[in-house]
Every structure is written in C-alpha cells, then in structure tokens.
Amino acid sequence: MSDNATGSAAAERGLAEAEPGGVASFDNADRGPIRRLQEILHQYPTSIPFIVLLIGVVIFSFAAPGKFLAPFNFSLILQQVTIIAILGVAQTLIILTAGIDLSVGVIMILASVVMGRTAVVYGVPVEIAFPLGLLAGLACGFVNGLIVTKLRLPPFIVTLGTWSIFGALNVWYSKSETIRQADMQESAPFLQWTGTIFKPYDFFARMGLDLGFLKGWVLNYGSIVMLLVAAVIWYVLNKTAFGRHVYASGDDPDAARLAGINTDRTLIGVYALAGFICAIAAWVLIGRIGGVSPQAGQTANLDSITAVVIGGTSLFGGRGSIVGTLVGALIVGVFRNGLALSGLELLWQDFAVGVLIIVAVTIDQWIRKISS
Amino acid sequence: MSDNATGSAAAERGLAEAEPGGVASFDNADRGPIRRLQEILHQYPTSIPFIVLLIGVVIFSFAAPGKFLAPFNFSLILQQVTIIAILGVAQTLIILTAGIDLSVGVIMILASVVMGRTAVVYGVPVEIAFPLGLLAGLACGFVNGLIVTKLRLPPFIVTLGTWSIFGALNVWYSKSETIRQADMQESAPFLQWTGTIFKPYDFFARMGLDLGFLKGWVLNYGSIVMLLVAAVIWYVLNKTAFGRHVYASGDDPDAARLAGINTDRTLIGVYALAGFICAIAAWVLIGRIGGVSPQAGQTANLDSITAVVIGGTSLFGGRGSIVGTLVGALIVGVFRNGLALSGLELLWQDFAVGVLIIVAVTIDQWIRKISS
Amino acid sequence: MVVPALQARGLNKRYGRVVALDNADFDLMPNEILAVIGDNGAGKSTLIKALTGAVSPDHGEIWLNGEPVAFKSPIEARNLGIETVYQNLALSPALSIADNMFLGREKRREDFFGRMFRTLDKTYMQKMARQKLTELGLLTIQNINQPVETLSGGQRQGVAVARAAAFGSRVVIMDEPTAALGVKESRKVLETILRLKERGLPIVLISHNMPHVFEVADRIHIHRLGKRIAVINPKRHTMSDAVAIMTGAMAPPADEAA
Amino acid sequence: MVVPALQARGLNKRYGRVVALDNADFDLMPNEILAVIGDNGAGKSTLIKALTGAVSPDHGEIWLNGEPVAFKSPIEARNLGIETVYQNLALSPALSIADNMFLGREKRREDFFGRMFRTLDKTYMQKMARQKLTELGLLTIQNINQPVETLSGGQRQGVAVARAAAFGSRVVIMDEPTAALGVKESRKVLETILRLKERGLPIVLISHNMPHVFEVADRIHIHRLGKRIAVINPKRHTMSDAVAIMTGAMAPPADEAA
Amino acid sequence: DEVIGLITKTETNPFFVKMREGAQAKAKELGVTLITAAGKYDGDNDGQVAAIENLIAAGAKGFAIVPSDSKAIVPTIQKARDAGLKVIVLDTPLDPMNAADATFATDNRKAGQLIGQWAKGTLGDKAKDAKIVFLDLATNQPTVDFLRDQGFMQGFGIDVKDPNKYGDEDDPRICTHEISQGDQEKGRTAMENALQKCPDVNVVYTINEPAAAGAWEALKAVGKDDGSVLLVSIDGGCPGVKNVQAGTLGATSQQYPLKMAAMALEAIHAGKIPEIDPAVGFLDTGAQLITAKPVDGVPSISVEEGLKLCWG
C-alpha cells in the first residue's frame, strides 16, 4: 500500500539515466547502506511512519519493561485503536478533499444507537436494525456532503452544525439510555460479533501450522473489520477514478473543475462514504463495549483528525494516505498505552503525550528530509 | 474597520470609467435602491456579517418576545461573548497564517492560574503577578511559534501537543484548586477589575449628556478590553507591515518567502502575540467569574475557531478579518442566548444551534454572491 | 450560409465595476484556426471562459453548431467535445502527469477487475501519456508518474496542451499554449494545431506571439477593452496592422468577417 | 581581470533521481545583459533559484562581486540587492497590487504615526505602484488596490516585473518576464531592461523568445541538460545557431566566454 | 512490585484530582505502585475500557474505578475480574451493583436529596410557590447529572416522573434547566440566561460548586446577592465550604473522595474486600449536608466541621 498521490511519483525518476548522452547516472554498486536506505525511504515514503512507530515501541520497551513488550499488550493496543483508526479512514477521505469532519464521532454514536436501540429496545430483527444503522450513517454523511456542495459552505461550519444536530437526534432517539451488554447478547448478538476474540495461533494451529511468533496474540474481529475497511478505501483511492478525483478535488478544486471533474459529485460521495464508514465504526464500537453507550465518542473527532495528521495527511487536502492514518492511530495508541504502563502520574502522562506527539512528527519530517 | 486583504480591493474599481473611450460606464442616477445596496455590500463586504447578525436578532425578537429584545439582554450577550471574542482575535491571527491553535483555551487558563495563584496563594503583589501571567501567555505562544517554524511541523500537531503540555503544567501549578472570589477580592482586586460593571447611560449623564438610547445597557470593563484588543490587532493587521506579512504568509507561504518575507519571524510573532492575547482573555475571565477556576474554558478552542470561521475567515489562510471574528462571536452568542430564552427544550436547543449556524453562514454566502 | 462551430453574441461580464466583457461577439467557423489577440487584460481569457462554462456571463447567448447552449460548468462543455487549455493550465499539482492527462476520463481495465471493481488501467494511461508528450517534443520528461508540481513551467504547459490535443473532438481552445514553451516545443504545438485542423476540428488560439498567429491562423479576432473590435484576414493584413488595431493606434477595418 | 558580478561553479541539484543541475557554471559580468536560453526542463529556473537562495544546491560555489556567498533564503539574496522575477511570479494572490509591489519593504509614514505606531504610508505606495505599472504600459490596470488574483495572466506578470525593476540595486534576474505579456507590454519590458543596464546594473534574462534575446543580450548562456554548454556572442552567431546548440543539433563552439 | 490502579471519570476535575492525591498518599504509605488513568470527559466509556485493559496488561492486583457509564463498563469489569483483578467501584455504583467486588459510594441521589430537603425546610411555607432554576451538567444527562438533579427534586418534594431523567417534570415551580457543564464561566452564562427567564427565581440548584460560584457572580451582577435566592450545590470542596461560610452558598452536600480512594486501596492491597450490608448493596462513604443555617429534620454538620473534612 503505497501512497499514490505523492509516493509512486518517486518510482522511476530518471532524466539522468534515460536521456541519451545525458548527465551522469548513479553507479548502483557504489552506494553505501545509508544511501540505500535513503533511496528506499525516498521511494516508499509510506514506510517512514512505520519507522517512527518502531522507535516508539523501542522507547517504551525500556520505559515499561516486561509489560509493554508482550504480544498480549500489543493485541490490546490494536484493539484500543481500532475505532479511532476506522474513523480516521473516514476522516482521511474528507481531509483529502481539503475538508474536515467534526461530526464523525457523533455519526458513529448515532449509528450505534440506531443499530442497538432498534434491535434491543424496539425488537426489530437485527437483519433490519443493522442495515438501518449503516443507512443512518450514510444518510448523515450524505446530508453533510449535500450542504457542503450545494450551499458551498466551509466543511468546518457544516459539520460543526450537523454535529449539534446529529447530537440532538442522538439524545432524542437514545433517551440517553445505555443498552447493556446482557440485553444485547439476548436480542442482537450479531452486533457484538466484532468484539469476538480469537487467537491467531490457535487458528493456524487448527490448520496445522505451528506459527510460534503468533503465540499470545489475542485479536478481535473488529481489527479485521478495520483492516478490511482500510484496504477497500486504499483500493478506492489508488486504483479507481473516484480516488483520483478525490485527490484532485482536494489538491486544487478550481483546477479539478476546469479539468472536467464533477467536484460536487465527488464531495458528496466522499461525505456519504465517510458517514457509512462511521457506521461501521459503530458496529465495532458495539462489539468493543458489548452494548451501546450514547454518551461515548465526544473526543473521537479530535482523535481521528490527530491520527490523520500524524499519519502525514495534509489538512490542506490532496496529499496523504490511508496507511499513514492507520500508523498514526497506532502511534498514538502506543504512546497512550506505554505511558499508562509506565506508572507515570496521570498529569505527567499528559505532558509526555504532548511531547511525544511533537517528537514523533519531528522525527517523521526529519527522516523525510534527509531521504529526499 | 474594513478587511483590507479582500475588502478594500473593491474600493474604486473602474476599468470602465477610467479608460478613455472605454466601455460603457454606469449611470449613477439610474440605479435602484437594491442595486445601490448591492454596490455598498460589494464595496464593504465586512458589513455582510452584520446583516446576518441583524437577521438573527430579528428572528429571536419574535421567538422570545419581550425578553430578548432588551438593552439589558444585549448587554448580557456582549458580556457572554467577550472571552470567546478575545480568544477569537488571537485565533484569527493564527488562522490568517493558515495555522490553527488548539492551545488558546489552555493558555488562557494557565495565564489566569499564574496571575491568580501567584497573587492570592503566594502573596506576590499584583503588580508583579499580573505581568507574570501576561508573560506566561506570551511564552506559551512563543513556544508554539518556535516549534512551528523551527521544526517545520503542522500547527495542528504542535498545538495539539502543547495543549497537553500546557494542560499538564496547569494542573501541576494550580493543583486543580479554585481561587474564590472572596479571596481574590481581598488580595488582588485589580484582577477582577475587568468584571466591574458600568452603565453607559449614567456615565454620559454625569458628563451632562442625556443619551436615552443607552438606558438599560450594562457593560463591564471586559467588553472595553475586548474592543481595545480588537482595535489594536485590526490596526496591526491593516496598517502595519507586520500585518501585510501575516496575510502574505498565510496566503501563499512560498510566494511570500520568495518575495523576501521572513515568514518564520512573522509566524513566531503571530503565535507569541496570540499567546499574549490569550493572557488578556485570562484577565477578562477572572473578572467574569470573580476568581480562578482551573477547569474552565475547555471548549474555548472550538468556540474560538467557530467564531473565526463564522466571521468569514478562511481556514486556508490569507483571507479574513478581525471584525468578522467579533461579529462571528456575537452571532453565536445571540443564538445561544436567544434559544435559551425561547424556552425550547435543551435537546432541541442544541439542534437549533446547529441549524442556525449553517443557516447564518448560508445567508452570508448568499448575500456575498448576489452582491458581487 | 455556413453554421459557425461556436458562436456568441453580446457576452457581458462585470467584476464589481471592472467590465471584463462588454457585449463581446465571437464566431468560430468549422474547421478553421481562429486566432484571438489583444492587449493584456483585454478580456480574451474571460471570453473563452465564458464560452466554455468556466465563468457564467452576466448576459449573452452562445451557440454550438447552431444550437443554443448555456454551460453551467466546464464539464458540460467538455462533454460536448469542447476541449480547453486554460491560461492557468488547470492541472492538479500533486497528481502525476498521467493522472492529470486522464483526469475526469480515466480508463478502466477491460478485464474482470475493471468491470467488477472499476480498476484503472494505469499501464495504458501511462503509455498514452508518454506518447502524447513525446509527440510534443517534451523528451526531458522521463517519468510519467512524476507529480506535475515538480515539472518546469514549460513542461507543465506541455502536459495541458497534450491533454487538450488528445481529447478534443469538436472544438479545441488554447489560451496562450506556447507562452512558457521553448522554440522547439512551440513549433511542435503549432504543428499539433495544424494536425488538429487536418482532422477537421476548428481551433481557437489565443496568443501574444504574432509570428505564430500569422503562421497558422485562418482569421484573426482582435479583442480590445472587452469586445471584439475587428476580425482580419492574416493574408490581407500585416503584423504591424494587427498590433496597431489591437492597441488602438489604427482604426479597425470597416468589416471583414472572412 | 574583471570580477564577475555573480559567478557560480559546479552547481549541483538532484531531485530524487532527476538531476536538475549537473555541475552548472555561471558568470554574469558587471553591467551586462546575460540571456539564459535552453529547452524546457533544461534547468534554467533551477539555476537561478540556486543562485538566489530559493533552492539550496547540493554542492557548488557562488560568488557575488568576488565574495563567496551561500544564501540560505531568498531574503538574504534580496538584502544584498539581488532582485528576481521568479517564473511562478511569487505574488500573494489575495493581497493588492500595491501591497505586492512593496511586500517585505513596506514604507512607513514619515510623520509621528509612522515613527510611533509604524503606520504604513499607503498613499505613497499606491502612487509608486501605479507609476511603475504605467511605465510598463499596463494601463488597463486602474485599481491599484485590486487583489492580484483578479488580474489577467499578463497583468500579474507585469506586477512582478515592475517590482523587480523598481527595487533591484545590484543584480536583476528575470525568469521569462515576457511570457504572458502582449506585444506592446513586452517591448516596454525590454526597454526597462535596457534602462536598468544604463543605470549600471547587470541583468540576467531567461527567455524562450529568440528575437527578444538577440535584441538585448550582450552574451548568451546556453543551458542544456542541467549545465552550461556554451556562452555565445549574439553578434557573432545567428538565432538558428543558438537554437541548434540549445537542442543539441550543433556542437557548442569551442570556447567563447566574451 | 504490587500495582494498583485508580480510574477516574475525568482528569482535571478537582474532585478526582483530590481523589488521586489521596490514593497517591495511601499508595506511598502501603508501598505499592499506583497507576492512575482517567476518561477524557464525563461519559467517556471507551477511555475507561482502555484504562482497565492497560491495568490487566500491567498485571495489577486490582483497581478502583469511578465509572463514567455504569452500565456499559460492566462487561469490561467482568473481564478484569475474570483475569483475577479485584475491582472496587467508587462514587457511582454499577448497574447491576454486584458486578464489582465492592462499591464504596456516596449516594449522589442522596446528596441531592439533602440539599433539596434543606432548601424546602429553609423556605418553609414559601416552598410551595418557589421558583427553581437548575444548572445541570450536560444535555445528554450523564449519571451523576440526573442522580443529583432528581435527588434534589425528591428532597424538595417535586414529582420527578421518570427518576432517571430530568426535564419531563411538570411541576410549575421548576422554572428552567440550563446546562453549565460544571464550569464556572458557563455556570455564570447559564445563570444569566436563567435570570432572564425567571427574574423572580429564589432557589438555584447547581450540579457542583464551580457552577455555583459562576451562578453567584451572575446573581450578584443583578443585585440578587442579598439573600433573596437560595443557592445550593454538591461536592464539599474547600472553596465550596468556604462559600457556605461566607454565605454565598446556602448549603452543599459534602462527599469524601479521598476517603473512598484510600479505603479502596487499602482493601485491594490487603486482599480483603469488606463485607457489605446486602440490603444497601454498597458501603456508603457518606454525604453530609453542610450549612450555617441548619433546618430541623435535615441532618447537617457545621461549616467548621465541613472545613476539616473538605478535600481541596
């Protein structure tokens, strides 16, 4: 998964080599390992955030020895970032179009309430309640997109407004009532499926493969859903015309319009798709807590934007990648978890999170610079 | 106060009239009132948000008859928006440079804690404690600016990080302890000065002027501080070289750099100035709540950004105005107050705020369109 | 009488009190190369933007092959086969050359993936993009996946011209296509324009380069202060005449609409 | 021997694997007009960006009047009197023409307000801006407070050229200053260049317009594939020679550095 | 190296800061490592879920938690207990309560009732045509929010209809509910708006003492600081108690976060969960009314006592 808009460009540059009688070309045999690493990084800039992540992991394996560096703990981190990562994928789509969506969190909650309440409280079969929840998310996103394009308003204002609106609808529909795990298990266990845990080691062992390095890992289906969502959106962004239009619409909307792209249609598509992804996040959220908590998700907006920005996507649109967002979410997850395990006082944990975020992005930028 | 970057441009266009033998010029006598209004709006685009504000006022004078449309209630609204408006001024500076400052709220709190705690708890004379608080704000802003420019990181990430950091420092220094109004009145009444109320009618009456329309208005010195801050920053932005550099740095940073502007110095200046303004907001906050509450202002970031964006400043930098931000803050204040007085259920108040924000900006855009 | 390929009458466009188009007329005959010349700020770009839906004129009428049209966006014009090189090029800086060339008309793979999952045929698009650029003599571009923002000024212009030349099916409009191009590359563009004409297309060429204009144009539309003040035949007038009319130093010839 | 006004040796600049500058040399003599010509993508713009600190070369040395310099930003070059018209113009779209002209060297009022509150002297700046533009024949611009983004392509270029011409005190560099300009306006720019030379300044002119180049240049620097391959004297060579050398069709003359 | 956790609702609320300080002191005394965590806002269930998971990973012996969503957190607590951790719930009981090993709580509803009864008693006959303003926490009514609010109503003798939700009452004495977010500045704004609607207000219920302090500023600004309005609140932090002393606050219900946390830590450390009276279901760490003007039939303590017990 490399980032096409900025990444693949580096793939095979070569004025030097291709021009007959052109300027000196590089001798491949002559390059040292650092130079080689540099070229690899330059060629695959998406790998850079992984390096930052790695550095984070190494630091915490010293800061919280024993506890942090365990498959079980890594599994936890993965489970903890799943929701923000999925919302981050939705947010990435929006931010690529130079927009911002302050309503992702509340769309997720609203969708989870629709799924859960319709199924558990109103007794509608889950086969209907679940698609209804997905539809709710899609509809919310669609409304956002419609207002952004048809009224030509800044996405910040639009989603700030719909944040209030969807939030009110959420309070109204949910009556602020939590749906308990036990009740849900009874009427709609399917909604909890994403929380089901499985052990990859056992899974492969059953297939006759003894993959020792998988021992201790405990995943849930939510993580798989997250990977699937990310893969699909990665595909859409990089391999379809719609994806190209998303990048172009965010890069320079006027140019895109002049070049013949229906930017309005693209934007509506993006917002609706983002809403739908939020509804999938709702499903994962239900799985994670077993029930529905209508008060959750209030910081999800900022968290998802954070994951996107740490993942290297520009808030000005047109540049960025899904993989970056996943890694961005993981980086924050690793920091939070590592600090929690370190036993630092809560106050200084906050302090450290702030410092680490800045340091992480600094290292990222620095590697980018020396590799170009 | 017109917005120079986009506003003054319309001042005296006239290819038509000035070119000798040029294309037909307009007959001034021939223009209808609508056409005239259009031209005025086009010439002074800053007046457009005022119209939106007016529309809001008219709506609520029907929605909450009697209570809303009273000088005293308007005075309340003014007092209620003061803090957000001042933070909005700081935020405007930052957003004009295509940045964003998530730390304005926490800088304000930190500065208020420094002022209050140093004076009341540690017994430092207010003549020192107050400048110390201002300095704290300035320093926080300076740190933001330094990281943004020297490490070349996105402002979103930087201020997200420093938000955590300053927040931790706040908890640490304040020990989460409130300073009571009574205690402050005893040791540092100066810090409460901004909360002092005065009646403009009485004020002018003492000077021998009987300004009847001022009857019923109750202002506090905080509002005056707000107006002063806004006027100074308006002046800086529109009448000094620094102001031009702020617009240029946000408009197209590369072009600004090539044109010979030291964008780094400009940015550091902007962040430091914004920090300082946050500290002034801290002073007004102390006046408003009488003491220091280290948990106040948690939604101040989003509120200040909202005021800026509703005021017509672009999140992409380079376009916008201080006056817009003041009006933006007022618009939100009018909505919140008007809805509260309307007696609508809380839940539907939230809903209505969302709708109104979108409608307000839609009307703004629409007037802009027909007036151009 | 021949129906003009693209025709406009009384186009007006005001920006505040600047009048960019002042009752401008326009006629493009089938299969002709029409040059549009005029001073800086005369309103040439605004004229073609109004013709292609990139700007909506305050009033005025437009006909495409005799049919009245009112484009609300450039997409509509493009869907009818009008291809334009705008003066600001309309390229997406972060996208690659190939992506830009096929923006808005990407080609899907013809296999199962293309039909089922709408997978793009990147290989094809890259090949075509390279070929089109080579035809324009832009040999220094080697990597078709390079983002457009890393190209030199002339290379960028080459991409925009190649795009219009490749896809124009009814009318091709070029706003100063050779401004940033080198000598050799400019020649190739002129050749391309002549080749498009051979294919039967009418072409509008806006240019400040009089030798180029006189070399390829069948007729020359002279724009001044927001309106067409003359249409001259390059064979019957010299370059100095054209410049003199354009700058107002010489009265426009009475009527010469052929 | 005369000390060159601006000199560079062995400038290198790589972008990934694209070599934009390949050991390029450069010499600008005092009070000469040096034209730089070369194909699209030859590296001309990169060369002058490297000379003015807009891009930092990977290696290479630069001397200004014999003194070694290493500009870390365009500001440093500008502070030493090197004024440049970049190919992308470097204008702030939302700022007015007057603001753009004086960007980074705004004039304060001379009265009390100016000294105390650093108030800008807008009247003065507007007057000067208007005057400079009029000198370039850009009469169609009437409102000096119009944002630059509302100007036509040529008008914008005029603003950038006027700025450089007004403030250059040691070296003036212009990267394709007439590309978007009309016939009349181009003439004015050439006249401006000659006037700057009369004032004793050396000028670098990058252009694809051979007639312009041969009209004003004292020497012609031919750039090809990232390096200087020849310096010719326009009086001793024809335009076709220059184009032939530039495109590689003719071998560069042995040595002719005058 | 024994690890014990403490998870609070939010990080910066003084109530929880003091709770953490109390726990920290106790941990030092017991020689155990305390890991503290908090949600990001009141109602942040997910943050607390992650905190519990991290404690499991850290191999904690057990933890005390102030749950943000008393129903939704239950499965995660079950997971922790399955992993062998001892879980003591503080302040707000779980639903069902027995999902934890033990519950040390102040009954928030009870705390509300106390100030409600006090207000009613103080007003005497005037109580039946009182005008009451409620400054609540948030539109979505987190648990403490409705517990305290409805408790006050019950104490005051108002028919609460649904006891788990405010806003559905039809008692004419209720003038308005406003949102203060427990914030001093927003408390003032909320009170200002409320005053516009209810100029003749004479009772103000506030969710916590910062909101009360803000409300008092608004009252003062219109000259209603003359004792014509009864201002009541909950928490019992030192600034709040001092405000009772100064007469700006009529009464407050004091709770004991330090005590709760310290007891919980001790119990987990010792591995001895105290026996709890099954009739009550939780160990009440108590809520006491603090007022300078006691009312017959409403148990209260003096301001001096309150100041000794207050928490920061």
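Letters A, B, C, D and E name the chains as they come in the text, with residue numbers starting at 1 for each one.
Here is the rule we go by: a contact is a pair of C-beta atoms (placed from the backbone, for glycine too) under 8 Å apart; a residue touches a chain by one contact, two chains touch by 3 or more.
The shown structure was predicted, so the numbers you read here are calculated from the model rather than taken from an experiment.
Engineer: Treat touching chains as neighbours and tell me the shortest step distance from chain D to chain E.
Structural biologist: Contact-graph shortest path, chain D to chain E, evaluates to 2.
Engineer: Measuring centre to centre, with centres taken as mean CA positions, what chain is farthest from chain C?
Structural biologist: Following the centroid criterion, the farthest chain would be E.
Engineer: Report the inter-chain centroid distance for chain A and chain D in whole angstrom, where each centroid is the mean of the CA atoms.
Structural biologist: Result: the chain centres lie 46 Å from each other.
Engineer: How many angstrom lie between the centres of chain B and chain D, each centre taken as the mean Cα position?
Structural biologist: Roughly 42 Å, centre to centre.
Engineer: In whole angstrom, how far does the Cα centroid of chain C sit from the Cα centroid of chain E?
Structural biologist: 71
Engineer: Using CA atom averages as chain centres, what separation in Å is found between chain A and chain E?
Structural biologist: Comparing mean C-alpha positions, chain E is 36 Å from chain A.
Engineer: Can you list the chain C residues in contact with two or more other chains?
Structural biologist: 15, 18, 41, 88, 140, 142-143, 146, 150 - these are the residues of chain C that touch more than one other chain.
Engineer: Pull out every residue in chain B that's touching 2 or more other chains.
Structural biologist: Within chain B, residues 13-15, 19, 167, 171, 347, 350 contact more than one other chain.
Engineer: At which residue positions does chain E touch at least two other chains?
Structural biologist: 11, 139
Engineer: Show which residues of chain D lie in contact with chain C when the two form their complex.
Structural biologist: 15, 18, 38-42, 45, 87-88, 138, 140-143, 146, 150-155, 158, 176, 179-186, 208, 210, 225, 243, 246-247
Engineer: State the interface residues of chain E toward chain B in the complex, per the touch definition above.
Structural biologist: 11-14, 17-18, 139, 167, 176-179, 181-186, 188-190, 192-194, 196-197, 209-210, 213-214, 216-217, 221, 237-239, 242-243, 246, 248, 312
Engineer: Which stretch or stretches of chain B touch chain A in the complex?
Structural biologist: Against chain A, chain B makes touches at 98, 100, 147, 151-154, 156-158, 160-165, 167-169, 171-172, 302, 305-306, 309-310, 314-316, 347-348, 350-351, 353-355, 357-358, 361-362, 365.
Engineer: In the complex of these two chains, what residues of chain A are touching chain E?
Structural biologist: My answer: residues 64, 67, 70, 72-73, 76, 79-80, 83, 167-168, 170-171, 175-181, 285, 288-299, 336-337, 340-341, 343, 345-347, 350.
Engineer: Within the complex, which stretch of chain D touches chain B?
Structural biologist: Within the complex, chain D contacts chain B at residues 54, 73-75, 78-79, 84, 86, 88-96, 99-100, 103-106, 108, 117-120, 139-140, 142-143, 145-147, 150.
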